[in-house]
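You will see two complexes here that share subunit A, one where it goes with subunit B and one where it goes with subunit C.
After this line comes the complex of A and B, so read on.
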């Protein structure tokens, strides 16, 4: 005699997720000693590798790690990133690329919180190890949604500049690539005239161009345009290899902006000079480099977040701009990845409840978070 | 015998509401949903296992059981005292907000304790640091519970503050109330969870303002011990 009751329903749900997991947790290999991302293969899938403090400072000082993940890594006494399938796939492609052919565009896409930004962080570390010049934009919407000052451009009169953001980005670029740029000895190929007195002469090193942008915020955006142009030429002339990594790329094609003119009309992303510069870098009219971008629903206005798929998130213009590209989907944790994530939390003393360490506890966490990485992080945080 | 098999063979747990619809309108307790003989449900899986293994479940097979409340939970993170505390933090029914605040406090505790943990160099030092926020909360609450309280009693035209023993429920209530009041007394730039975490860690170590408040109350009771006999007669 089984009648309907709330409690019965409750236990039925409980049974469903508590007695299904038959695989016992004996796998303690959630870490890998292979700290160079160049060698990461499918064997390392689901394992954590650690990034040293100095590398972290060099690569992610100006952004690149999600804020919550960064504070968690500080609490857990060291930055570790899980080697996941999208990053392995990308590293495999980059290792095998023929760099004489036009650049390939790789697009990471997936729901919010599945780990696109961390996969990009992994790729940045790879690029720095493999000797690429990194052109990294930590979060594009920062330039269009939270702009501090937008001024008419000093280079093109119908465009807009973001001087503060531009200086920030130049600083980020120079900390990431400082030593490498000196080694490559890249030179300016044309003369850039900023004003009557300020001129970057032909043949002067690119660091001079960066310094000028850092000191004169008014010309910072112009400097970025020139710098990216020079990098493109240098890459094509085989002077250096360039890896372009852009997080939240769809923000360049957003139909809505928060920057507003005096007549209350919006200044769209396409009206900024920085957009032109980075869109020119993501065209495949150059070689000896690679372009990795991520598409995130969060980079789009709230009313346009129904689907994380590239065609929806980029719109027609964006899709045609990137086409042809290699789409790579970032998904929720697989069983193996989930297990190693929990093992990592336990080893670092973050998951404190002894009940949650058991098979049933893990099954419950897997069920309630739906194996979604960000949800799991939030779920585990208080306990 | 596994729990799932037992649950299937046990009609009581499945037929909890069997007699609820037949409750008469002429019940003597107009504000209670249930007759006095209806049992409280057991929602904790471990307790339920024990209940079944001890054979008591067999006796209660045909006794009606109350429906589980919506805050009864079998989650591995569920803690009754925490639940109680969340309800006390809650204002105007904003339970989700209250829960978020308390959970943020727990996270803060873990952050603070882990910082100490990774700073410590020897294993002995590390073993002494408690990291589990729920354990910290329970011990802190125990440390804040008073064992006496004062109550005004009128004798011969004047009112005396008379020390009387305190029930377990009242002691828990006072401890929780003091912790909340102390956590709310802060600078505007500090948020509730942060102050709450600091307050709990202090109370866990038997220091801090809440423990002081308890000791002050005890001291006052001690001073008024001469009036203790007014409790009777």
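After this line comes the complex of A and C, so read on.
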């Protein structure tokens, strides 16, 4: 059996020795130099491409990479993402899309830990390279499961606002799209009156709207609603292309919520203004854009995680909302992907056990992890 | 006196003769000073007949003790026979044809006992079975020991060791002869030892009628081990096998089931295994790609790493990871029990796919043995199986 070191001082020791190691894999079949996701094809399947630090900072500063993967990428000295089949398929579709037609909805589904979020990260990088305005929600359940403050809405009286989460998202949006928005010179099409003094006039740039939301948390949610509405219009008017990427989309339709009123009744996701805004963006009543969402059992309450299939995870309303959509299943590693992943770990000196290099060692890791990406990551981790 | 001398001469002869330590040969049975029971010949001697002035004190006291013992045994035997007749009458059977088996049945019927240990239940056995055997006199009327190794205080043990050494030399001579004839490179013939083990110390002690120290026992076993390493040890197979006993489970493990063929002509075997209160049915299919299905799920049916490793262990041990497919269904109890049952099932199935040597290695690794451990019951007056309630003085 292969044994894994469990020393707590592992990181310290590992950093000292790992980069002095003379052993390295000469045949870099698991890497690709093609760092632009636009060009990723089936040839690149199972290979790693690296994302530069600046891009990572721009795209994933506000979330988008699974936490454990991000910390691992920091330890392994650079973010690398494996080009996998679902992402290639999506990129292929997006490259060939007729953007005059109503937006297509793509749904990534699969068991927890198979790599849906990383495929989305890949797509975000693609969108950024291809000049899309990114509307990216890193993890929807964060808005409904761990809400910090929920206040009655300033826009619609029967709805609820999440000021802190809204400000966070606006910040994430502006870091992802700041330069692009300036270039597109998107303007507000209507006048938004927030209060007697605070008004966003017609014709003012969208960055003004974002700034207002960032500075006045009370109106941040309203700003998001207005912003998404404006983006939709701008896309339809061919001013920009919009790529909507939402991770954990099924959380919008969760029948259970952790937000409780004073009378102990639940505030469901459908009662939040943000839900309305993003659901409106995922309807196919606009064009010149694309919608990619992932549905994950983890985004649903624990008692409803039996099946990862879209109909089960979205419920009737959610399924009818998205229908028709293109389902894309994310599966466990194929043999090639598994080999490449192990090679990557070995090259980074993350997997130092000599037996892991052998076929027997790989077979054991493959069997014990069931070729499941997250299980493999946990299995080879020393902690 | 004449009778005595005859007996003694005969006894002295016996010590030099062919000996079998376990399966008594006719010669062995005649031997009054054999390693087995006390001699009746010596005991039956009449005091008055013998030369009284020459009898040593040791012999005298031995004879007294022997007489007392014989009388005691005689008395016990009488009581046993009487009791047997009583039992036969009670059970309404013919006392003449009332066997020990009938006695056991009668006792079980008349004195029903719920005691767990069979030895603790009421019994009626022949005195020979109940009272330990004694050594016969080891010296003559003058107090001279018969045995040359008498003063070692363990003559039978050292005699055995001596025999071993003699046999060893004989084998060496045989080897030399073979070499001179040009026959070389005879490999050690250990095969006949397969599936058996050296007999334990207690058994040897009861046969030699001597108490051995641990060191003496281990010396004996070491010597026997070395003896079996000899290239021509097979010649003395019968002698060696007296000191070995068959392992019970071995026969079962050796009966490896034949491989069957399924619709797509792939070889497969099935096995139903248990552990704790779990049962598992395992099917191992050859020419596979390493697929695993447990109750329709993959390896993630088990969450703990330890359980996953339990499943992988027999496959890895036989080096068939990725070469066979496993389909298992399990039910009952928790995951440890389930995975234990699956492990045993996989290992048992794999016997058909690997050679005898690997099967033996698997047996030695404990893969083929049933784990009999079970949940221990809670005891009244205690918090659990072993745990006691908190003790308070008052």
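The criterion applied here is as follows: the second predicted complex is superposed on the first by the 354 of 383 C-alpha atoms of A that agree within 3 Å, B and C clash if a C-alpha of one lies under 4 Å from a C-alpha of the other, contacts with A are read in each partner's own complex, and residues count from 1 in each chain.
Definition applied: a contact is a pair of C-beta atoms (placed from the backbone, for glycine too) under 8 Å apart; a residue touches a chain by one contact, two chains touch by 3 or more.
The structure presented is a predicted model; accordingly, all values stated were derived computationally and were not measured.
Novice: With the two complexes superposed on chain A, say which partner A:75 touches: subunit B (first), subunit C (second), both, or neither.
Specialist: Only subunit B is touched by A:75; subunit C is not.
Novice: Quick check on the superposed pair: does A:349 touch subunit B, subunit C, both, or neither? Answer first, second, both or neither.
Specialist: first
Novice: State whether A:364 touches subunit B only (first), subunit C only (second), both chains, or neither.
Specialist: In the superposed model, A:364 contacts both subunit B and subunit C.
Novice: Which of the two, subunit B or subunit C, is in touch with more residues of subunit A?
Specialist: B
Novice: Of the two partner chains, subunit B (first) and subunit C (second), which one does A:382 touch, if any: first, second, both, or neither?
Specialist: First partner only.
Novice: Look at A:326 in the shared chain and tell me whether it touches subunit B only, subunit C only, both, or neither; answer first, second, both or neither.
Specialist: neither
Novice: Once the structures are superposed on A, label A:266 by its partner contacts, choosing first (subunit B), second (subunit C), both or neither.
Specialist: neither
Novice: In the superposed arrangement, does A:201 touch subunit B (first), subunit C (second), both or neither?
Specialist: A:201 sits against neither subunit B nor subunit C.
Novice: Once the two structures are superposed, pull the subunit A residues common to the subunit B and subunit C interfaces.
Specialist: Shared contact residues on subunit A (touching subunit B in one complex, subunit C in the other): 1, 360, 364, 368.
Novice: For subunit A, which residues are in contact with subunit C within the complex?
Specialist: These residues of subunit A touch subunit C: 1, 360, 363-364, 366-370, 372, 375, 379.
Novice: Which of the residues in subunit B come into contact with subunit A in the complex?
Specialist: Listed in rising order, the residues of subunit B that touch subunit A are 2, 4, 7, 11, 13-18, 41, 43, 45, 65, 67-68, 74-77, 102-104, 106-107, 110-111, 114-115, 117-118, 131-134.
Novice: For a test of understanding, state which residues of subunit A touch subunit B in their complex under the given definition.
Specialist: The touching residues are 1-3, 5-8, 10-11, 14-15, 19, 75-77, 349-350, 352-353, 355-356, 358, 360-361, 364-365, 368, 381-383.
Novice: Which residues of subunit C touch subunit A once you look at their complex with the stated criterion?
Specialist: 290, 292, 298-300, 305, 308-309, 312-313, 315-316, 319, 321-322
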